[in-house]
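Per-chain numbering from 1; labels A, B and C assigned in written order.
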Amino acid sequence: MSAETSETTAPAPPAGRPPTRSAIRRRGLPPVLRHLGWALVAFLAVVGLTLLTDPFTNLRIATIGYYLIAIAGLALLTGFNGQVSLGHGAFMFIGAYTVALLVLHVPGLPFWVDLLLATVAGAVAGLLAGAAAARLHGPYLAGATLALAVGLPAVTQRFPDLLGGSNGLSFTVHSEPAALIGVVPTTRWQAWVIWATVLLAMVILVNLSRGRLGRSLRAVRDDEVAASLAGIHVGRTKILAFIVSSACAGLAGGLQAFLLGTAAPGSFTVALSLSLLAALVLGGLGSLWGAFWAAIAFVYFQAWAEDAADAVNLPVNVANNLPLALYGTVLIVVILVFPGGIHGVFSRLRAAVRSSRSSSSDRSEGVS
Amino acid sequence: MLEIEELTTTYGPVRAVDRVSISVEPGAITAVLGANGAGKSTLLRTISGLVRARSGRIMMSGTDITRMPAELTVRRGLALVPEGGGVITELTVAENLRLGALWRGDRADRARALREVCELFPPLASRLARPASTLSGGERQMLAIGRALMSRPRLLLLDEPSLGLAPMITARIMQVLRDLRASTGLTVLLVEQNARSALSIADTGMVLALGQVVMAAPAGTLLTDETLRHAYLGF
Amino acid sequence: MDQFLNLTLNGVASGAVYSALGLSLVIIYRATRVVNFAQPAFALISAYLAYSINQATGGYWLGFAAALVAGAVLGMLTERLLVRPVRHNELGAIIVTLGLLIVLQAVAGMVWSNEPHSFPYAFDFRGDFSPNSVFVVAAVAVTAIGVLVLFKATPLGLRMRAAAFNADSARMSGVRVGLMLTVGWGLASAVGSLAGMLAVPPFIFPNVLDGVFVYALTAAVIGGLDNPLGTIIGGFLLGVGLSYVSGYLGPELVTLASLAILVIVLAVRPNGLFGRGLARSV
């Protein structure tokens, strides 16, 4: 999964110098195939990881999977396109309920169709939201998306019979092939399904972000007027960003419903939307790798903090709130000290290593 | 009044002001000339304290103001009229003027200063309650100078006051500066691309190029000596 | 007819709270171009302090005053220490204030537990438009007028506005811009704590102000984020409008109605009803 931003693409060798080894390697396969290859490797790594760990950890691994695609979508919208969305959770809500409703009311559909429709539902919602938001900027956009995050889950109260009210909808999905039941624990199987889907979606996202759409997104983020003068249709680009990111969120919501067997409004609070954004900034805004770190941080930080609180035997009030207090503190500290997030730190390390390596190879080849 | 030694200001790797040394007598009007990008604006912004100097010294009447930020240099009697005027368009004309004198705290003196500025620039007097955004270019420049004068400066820095203005208004502004120098002993440092109008009231002229002082001479010499004029002023 | 009057009056009372909290957001936004997501948390901590003082001494008004002071202090410290370093990074500032919101809510839970505690009203709250409701509206009205007078008619207000509109020009006029920003945050947070004290009763718990915050932000956005008067009007309009929705269409539709109102207003005026937005010269 080589999701590179403009700062981290390999520098072209200066004219007159023989191409470096890495440059030759990069000129091999077309990008899509390369990415699929990496996705396959990553999938095998995940399978291996799940085989080595217990079902509870498998659950966490699965959770990281769908948060990865959700946050990656947000990275496209907020990171690459500069539209600050505080309502990403609302699109996950749509995806989750789409899956739940389809499983309950159209049980004949194969599960992958349900996921596809969840993605489409997210995309449609993104189209509507993006069209409404296209003229909004900065805090106005933030306020509108926040209202979306608050308002949309309230629909469940309006239609309690169809949507199950505050309790939400529960269902079971039998996706495991008969041959594997009993051999592979359910959560492990679910983790595989989730990660296969997520990695496939990530390949699509990576190719989108590195192609013309990605360039248009960034151009609009950096300077709308200049972008439109350069021939980019600004409104369409912004709406497209919403569509793609909401499709990702819809897929993520669908996968969450698949994993948990429920869709309930309590899972899609304002806090979720805010946490997704915060995690993204923590992971690093400028690159899809940031989404990866974000998803890990999102799931594991809470888990570690809870375990730590249990271990130290603190009074109930402190123990309950310590994970959140720590998470908030980490957010503040990271933004103040490392505005580029975790990915930013790694980028700088890589750049430092590269520059020292190239200067030493200069010396060894005797190039002036 | 103003002694500048080896002043250097950098923007990243670029030396916008490069080891400039200037000496300005009290009551003198000095024109700072040069092409776009020569460092004239940066020089004024550094002296006034909006921008930090890299190295060098700025002494004003014996006080070291090199590291002094803009909000404090005003209190020492230095006022800057930046390029474009720096008028706050969301405030009214009267509010812009009052702002210039707020730090002094003496209400009676503020009222007096306001009257004096209105006498100097009658168009402002009739527009006191209007938002500054409704003023024309010339009126805005008058407001900018008026705001600076409200702080009763001893040293007035002006960055291209005639930019975009009609010749008549430019002439009026130059006349006001000359009258102020005559009546109050105001020292003026005037940055201009329009060399002719600046030199018409200045005692001394200096030319900046690439951040360095390349020429300093009495204004009369610069105007009349053809070789100097062609070489440094372009006319 | 009775119900209409009732709903209107109640809407005015809740609208007053949205206006006040929205006003605090707008003061900060105008000064530093940052949406202060931590504002409800400042108000929350202030209210909890008032609660503790009330428990210890039985004095409601002492706690009230302490809440205002606490809010101001929290606001000033936050601006000086946390926000100033990231002022020019819009998203960074949002995340810092979000982080602070999370931390402060968690701290509130640690110190006072997540269980709801009973929180007193200022005055008698019974009846259709109770003495307490009158107090709420009056307090907000007085505060709003006070803030507007401060900004328009005092030297301090002029300095604060100048610092917010054009920092460099303000500096050239001798305004200590940094100090003005800090004071602005302090003033705004004191107003926010007032809103909190009015919104919290009858129970206080760490998430009590979340809903109010969303409506306050909605009111500020509707009114125009750089326009204090617009926000106050927006708050009252929103309060009354949502009251009607709750009464005639059902309380579960209120959040959706709020969203709809926001979308409609912004569709017609992307910078809010009275906002001006930032024009850019190309």
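In this text, a residue touches a chain if its C-beta (ideal position, glycine included) is under 8 Å from a C-beta of that chain, and two chains touch if they have at least 3 such contacts.
Quick caveat, the model's predicted, so the values are computed rather than measured.
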Among line, ring, star, complete and other, the chain touch graph is line
Taking mean C-alpha coords per chain and comparing to the overall C-alpha mean, nearest is chain C
So, in whole Å, the Cα centroid of subunit B is separated from that of subunit C by 43
Cα centroid separation, subunit A vs subunit B, in Å, comes to 54
Distance in whole angstrom between the CA centres of subunit A and subunit C is 33
Expected list for subunit B, residues touching two or more other chains, is none
Two or more other chains are touched by the subunit C residues none
Subunit C partner, complex, touching residues on subunit A are 78, 84, 132, 135-140, 142-144, 146-148, 150-152, 154-155, 157-158, 225, 270, 274, 277-278, 281, 285, 316-318, 320-322, 324-325, 327-332, 335-336, 339
Within their complex, subunit C touches subunit B through residues 155, 158-159, 161-162, 165-166, 168-177
In the complex, the residues of subunit B that touch subunit C are 48-50, 69-72, 74-75, 79-80, 82, 86-91, 95, 98-100, 102-103, 147-148, 151
As the complex stands, subunit C meets subunit A at residues 29, 35, 37, 82, 85-86, 89-92, 94-96, 98-107, 109-114, 210-211, 214, 217-218, 220-221, 225, 250, 252-256, 258-260, 262-263, 266-267, 270-272, 277, 280, 282
